[in-house]
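Input: a single structure, listed below in structure tokens.
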Amino acid sequence: MSAATRPSKLFKNLNAKIASIPMILTALCVFVGGTTWTVVYSFTDSKLLPRLRFVGIEQYERLWASQRWIVSIENLAIYGILSLVFSLVIGFLLAALLDQKIRFEDTFRTIFLYPFALSFIVTGLVWQWILNPQFGVQGIVRGLGWESFSFDPLYNADIVIYGIMIAGLWQGTGLVMCLMLAGLRGIDEDIWKAARVDGIPMWKTYLFIVIPMMRPVFITTLVIIASGIVKLYDLVVAQTGGGPGNASEVPAKYVYEFMFRAQNLGQGFAASTMMLLTVAIIVVPWAYLEFGRRR
Amino acid sequence: MTSVLVRDVSLNFGTVEVLKALNLDVPEGEFLVLLGPSGCGKSTLLNCIAGLLDVSAGQIFIKNKNVTWEEPKDRGIGMVFQSYALYPQMTVKGNLSFGLKNAGVAKDEIEKRIARTSEILQIGPLLERKPSQLSGGQRQRVAIGRALVRDVDVFLFDEPLSNLDAKLRSELRVEIKRLHQRLANTMIYVTHDQIEAMTLADRIAVMKGGVIQQLDAPQAIYNRPVNRFVAGFLGSPAMNFLDGELAAGPSFKIGATAVPLARYTFDGSASRIGPAVLGIRPEHIAFGDAAKASPFSQQVEVELVEPMGSDTLVWTRLGSQNLSFRVEAEKPLTVGDKVLIGFDPARASIFDSTAGNRI
Amino acid sequence: MSNPATLAATVAGADAIAAELGGPSGPRPRVTFSRRNIILYGTLIFAAIYYLIPLYVMVVTSLKGMPEIRLGNIFSPPIEITFEPWVKAWATACTGLNCDGLSRGFWNSVRITVPSVVLSIAIASVNGYALANWRFKGADLFFTILIFGAFIPYQVMIYPIVIMLREIGLYGSLTGLVIVHSIFGMPILTLLFRNYFSSLPEELFKAARVDGAGFWGIYLRIMLPMSLPIFVVAVILQVTGIWNDFLFGVVYTRPDTYPMTVQLNNIVNSTQGVKEYNVNMAATIITGLVPLAIYFISGKLFVRGIAAGAVKG
Amino acid sequence: MRFGFYRAALAASVAFCVSAPASATDLEVTHWWTSGGEAAAVAEFAKAFDATGNKWVDGAIAGSGDTARPIMISRITGGDPMGATQFNHGRQAEELVQEGLMRDLTDLATKEEWAKLINPPTLLQNCTLDGKIYCVPVNIHSWQWIWLSNKAFADAGVPVPTNWDEFVAAAPALEKAGKVPLALGKQAWQESGALNVLMAAIVGPETFLKVYKDKDETVAAGADIAKVFKAADDARKMAVNSNVQNWNEATAMVINGQAGGQIMGDWAQGEFQVAGQVAGKDYTCLPGLGLNAVIATGGDAFYFPKVDNADISAAQETLAHVMLSPETQVAFNLKKGSLPVRGDVDLTAANDCMKKGLEILAAGKTMQWTDELISPDTTQQMNDLMAEFFSTPTITPEDAQKRFAEIIAKAD
């Protein structure tokens, strides 16, 4: 009984590999290649055009000495943490409410979801308008006679980032709600029956039984929300342009403006490298554990 | 003639060894059952034979051909799955013909084979339906048909009846057995249900931890299990195990009681002195008058009665250890009754108390 | 209790039972305005108002004339409804020298969106399928990189991609833009498809392999017909994303193929003295109509698809 | 070889076309002129160019140069250049020229004697690199203006000021009348622009150049500049209630009398014109804030990316020629509110403000502006600083000046 010649390892699952070529190319050329390129050029003094004139870590020194960059980082941290928490909490609450076998579920769901169809630019413009102190909410409340009422988040440097968050949540929570609703629908009905018979209050059932069961949904949601947060740019530009002053600057905007407005690619690349580094430190080990080691 | 030969097959998932240098030789036309608890590697072995999993080491031969690196479709096998795995968007007919079309079988030949298969399985009237319009039993019949229609030498069944209710299960069990008698193909059947194993198999391979514990005819395994695991896994209600001590004589001491072992056939040359476990099946324990004739008998008190229709399982205590025995349903026993029980040590099994091997 | 004798014998106790019988019987009454319902619907309606206000403001404003807008209240309904702003936004608003409003970009957007959606979904679904069912060596590494890619701000990638497209000679062409959209849609879509395909019973895949179907055979004949829900999700996400895209559309194409969003930006940002809010709002709504329509039409399927794509991780 | 053949064929066809009116070539021109006055002005270019038998394909991208520039640069470096593109002349396109991506216009310039026509000569210098000319300046824009609303001052019952100091003094009266004294769009470039205008006006061109040209940080940290920051502090206080973003929205506040004045370049004039206002009657303009009547000669220029297509090359030359022709210069600049780049054109149609500018120009009182002196990178840092300063009342003028001096010390 002679053994057949062993097919080369490379040709095993050949079709699967061929089909994955676009993915592999994207991963290697665009994401790894582009990232490497960015990192390399962050050590140069490239201005308008990328040039390989190395200047060591000069760009990084300048980056961390920049007040604007510090503000950007702080803003992203505040916005990121709060909008992550609020998206998840609001999204989950809305989903839980919709899951109570209510009437008009379709209507409510559509209402919560439709903002997601609109771009950040549109979202920013509309909310900029609603939050405008002259003719927006503040103006109207004052018009009703409450003269001292003050609500001008976009014009107050201390709270402007929250003003942006109001709009961001408006746009994004619908999708989170949908994901959560889907997760809730996937929970075995028997769990609810068991909890009811055992007399466990509803909130406890959600908190200690249902939410832990929805781990995969939370992970998908987390990836989607978090990737959106890091990229936060359009919304800020449309709503405040980074203002008042630089109170609502975010890293992605810093990157963009140094690359193209200030024509200092090196500085822009240094800032992007810092962003990518942060993302890599958080995402890669986690993604590897989450997705890589699955059996 | 050997139909399926598994030689030194190992399979690792990372550092976990799922199959350990496993050997198996299935003669042509045999109905072999792989039996074991979940996680014992029985389904994994079946998937390896089917070619759905790549082995880490070793070889697999089907019909004397080394198929270790062959694609599943080229191995000459048909497979039936637990969840039926019918293609939901295709009709029954589409399901049956899918594999044949892939293999490039001529149209009229496909028609012929489908006609024959649906005749054998009586699924003729279902041919134009979608799987979602079928009942569980019908679905599984179609799934069997899908394997049948391929006209192959070896059928692989992966727990095909587990998703069915008890009644359907026993019906289909009989049908599979008839099918095997009619076709006389080699069949390898994975199950965790020992009744299926006992009723269907020519031989049973009992597996645990990626290793075949015992491979033998059902009755042999039932009567002379090689270790405590096999003994406990086969038989319902389960075998009684009594801890005690092997003593010279030879006899087996349970507390103050001694069971004479003169009629027991010892295996090999293991130590016949020291702590051991005596296993005796409930149906091998005699009761009342019959017990008097047994080489060993003892007066016990009834603690619990489980009527099962055809007979009754009675729970009692020997020394401080639980013991159950079977009596005919007509015998009216109630809790508290004092009765005489006894058994023939020749029908018992004695195991090493640590390794669990048969002594 | 079927025995009348027994019934008669227990007459003494019947009073007690009668008292019991007078108690709850039949279906439990439902109170429409129970506290629970008030809180439940109250919260939902409150939330719905928050979500609807911007849409209301947009619509109302787009139907007002400029003098009315200057008067102030953005929430008050139009006194005199005018469709002028809509007409202007669609047909006559100027950007630079071109005064044909959004109409100019509409077909460009369609021409960009359709192939981009098709290609990106085709690639991502095959990726997801390969990752879920074929798991070749190294696949997980690429997948991890892809997830990492989801977090890269687009702006960072503008330059490297300009260079890549230039090198392969696709810069400025529609093909180039379609590729760019496929690349940036890939991470999240692949994740969803991969999750979806791993949630399908694995035995189905095994059965198909035993039946002799290959990589493509299984994908096309078995997997695709079962994947309507996740395809709906993917289509919605991609249509929304690509239709609303401004950055790639403007950087990687040329003026004759600029998408609608470029016109929107031009209309909204080229202010002529006073901002024409009504025209801006009308333009905004018109631009959003396509994705909005898709949402409204496919609402239920979306949740079902998401359920399939996200629930199993 | 085939390629060579095509070249020859193309050259032949070009030679054929030169005598006959040029065959219709589509030339894509990108720019960021989309506001009312700007669009009207650019239409003049298009009209003149179309009259030559070619076709102007408009590639307007709204949202100021910051949105448009990355797109233009990507297009040029991506190998898919447009026919012509706007840049502020100065240092924005420097590297593109160095990379050899822009077309050398020296031959045309020599033929048409641009050196003689263009006034002031610094304009052409800004288009020159290593002795070669790469761009066509089309207008002169000066930042140093304050635009005052006559109506606002009338409402407040105070006379229209004639210089910055009077303006500051009039602010309380304006506020009392419910006006915003100074309209200022909350965008960084407007805020740092205002600072530079104040600097040029208060300390004069010499000190200004010491700071920006010589990058002298001791001057930047000195007492003169301290006065400038003090004035910026005044401006900050006066603009507290100015809740607009875009420059033309701020201008609109001046136009409708909501605000007293706005510091803004001469392009604001186009907005007054579109609104039908008359200089001197409805609004007043003070060059150099009424303190120091000098104007900077920044402005817009058109660059022509290198292309391989002979038809387009020919069209590029035609466009360059058209842009500098006297008629187009007049028509364009009247609409744009800027000054023409040649001294030999007839501008009798110009209004009050423009005439003021022309006089200053004729008197040779010009200076270089930041676009030409500092890199976009430094400009960005300036913008960031001023954005912070104008929106954060807690930053004292002294702090701001200290940080300003640091930027100047590291400027390039």
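Read from first to last, the chains carry the letters A, B, C and D; within each, the first residue is number 1.
Basically, a contact is a pair of C-beta atoms (placed from the backbone, for glycine too) under 8 Å apart; a residue touches a chain by one contact, two chains touch by 3 or more.
This one's a predicted model, so the numbers in the text were calculated from it and none came from an experiment.
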item	value
Chain pair whose interface holds the most contacting C-beta pairs	A-C
Chain at maximum distance from chain B, centres defined as averaged CA atoms	D
CA centroid of chain B to CA centroid of chain D, Å	89
Interchain centroid distance [CA atoms averaged], chain A/chain C, Å	16
Inter-centroid spacing, chain D versus chain A (mean Cα positions, whole Å)	38
Computed distance of Cα centres, chain D from chain C, in Å	43
Two or more partner chains touched - positions in chain A	256, 259
Sites on chain D at which at least two other chains make contact	70, 77
Interface hub residues of chain C, defined as touching at least two other chains	158-159, 265, 268
Residues of chain A defined as touching chain C within the complex	9, 12-13, 15-17, 19-20, 22-24, 26-35, 37-38, 50, 93-94, 97-98, 100, 102, 106, 108-123, 125-127, 129-130, 135-136, 139-140, 143, 170, 174, 178-179, 181-183, 185-186, 214-217, 219-221, 223-224, 226-227, 230-231, 233-234, 251-252, 255-256, 259, 265, 269, 272, 275-276, 279-280, 283-284, 287-288, 290-293
Touching residues on chain D, where the partner in the complex is chain C	28, 30-31, 33-36, 39, 42-43, 46, 56-64, 67, 70-71, 74-75, 77-80, 82, 246, 248-249, 251-252, 255, 271, 274-275
Chain A contact footprint on chain D (complex, rising order)	66, 69-70, 73, 77, 92, 94-96, 99, 186-188, 243, 245, 375-377, 379-381, 384, 387-392
Sites on chain B touched by chain C in the complex	47, 50-52, 71-73, 77-79, 81-89, 98-99, 102-103, 146, 150, 158
Interfacial residue positions of chain A with respect to chain D in the complex	47-49, 66-68, 132-134, 155, 157, 241-247, 256-264, 267
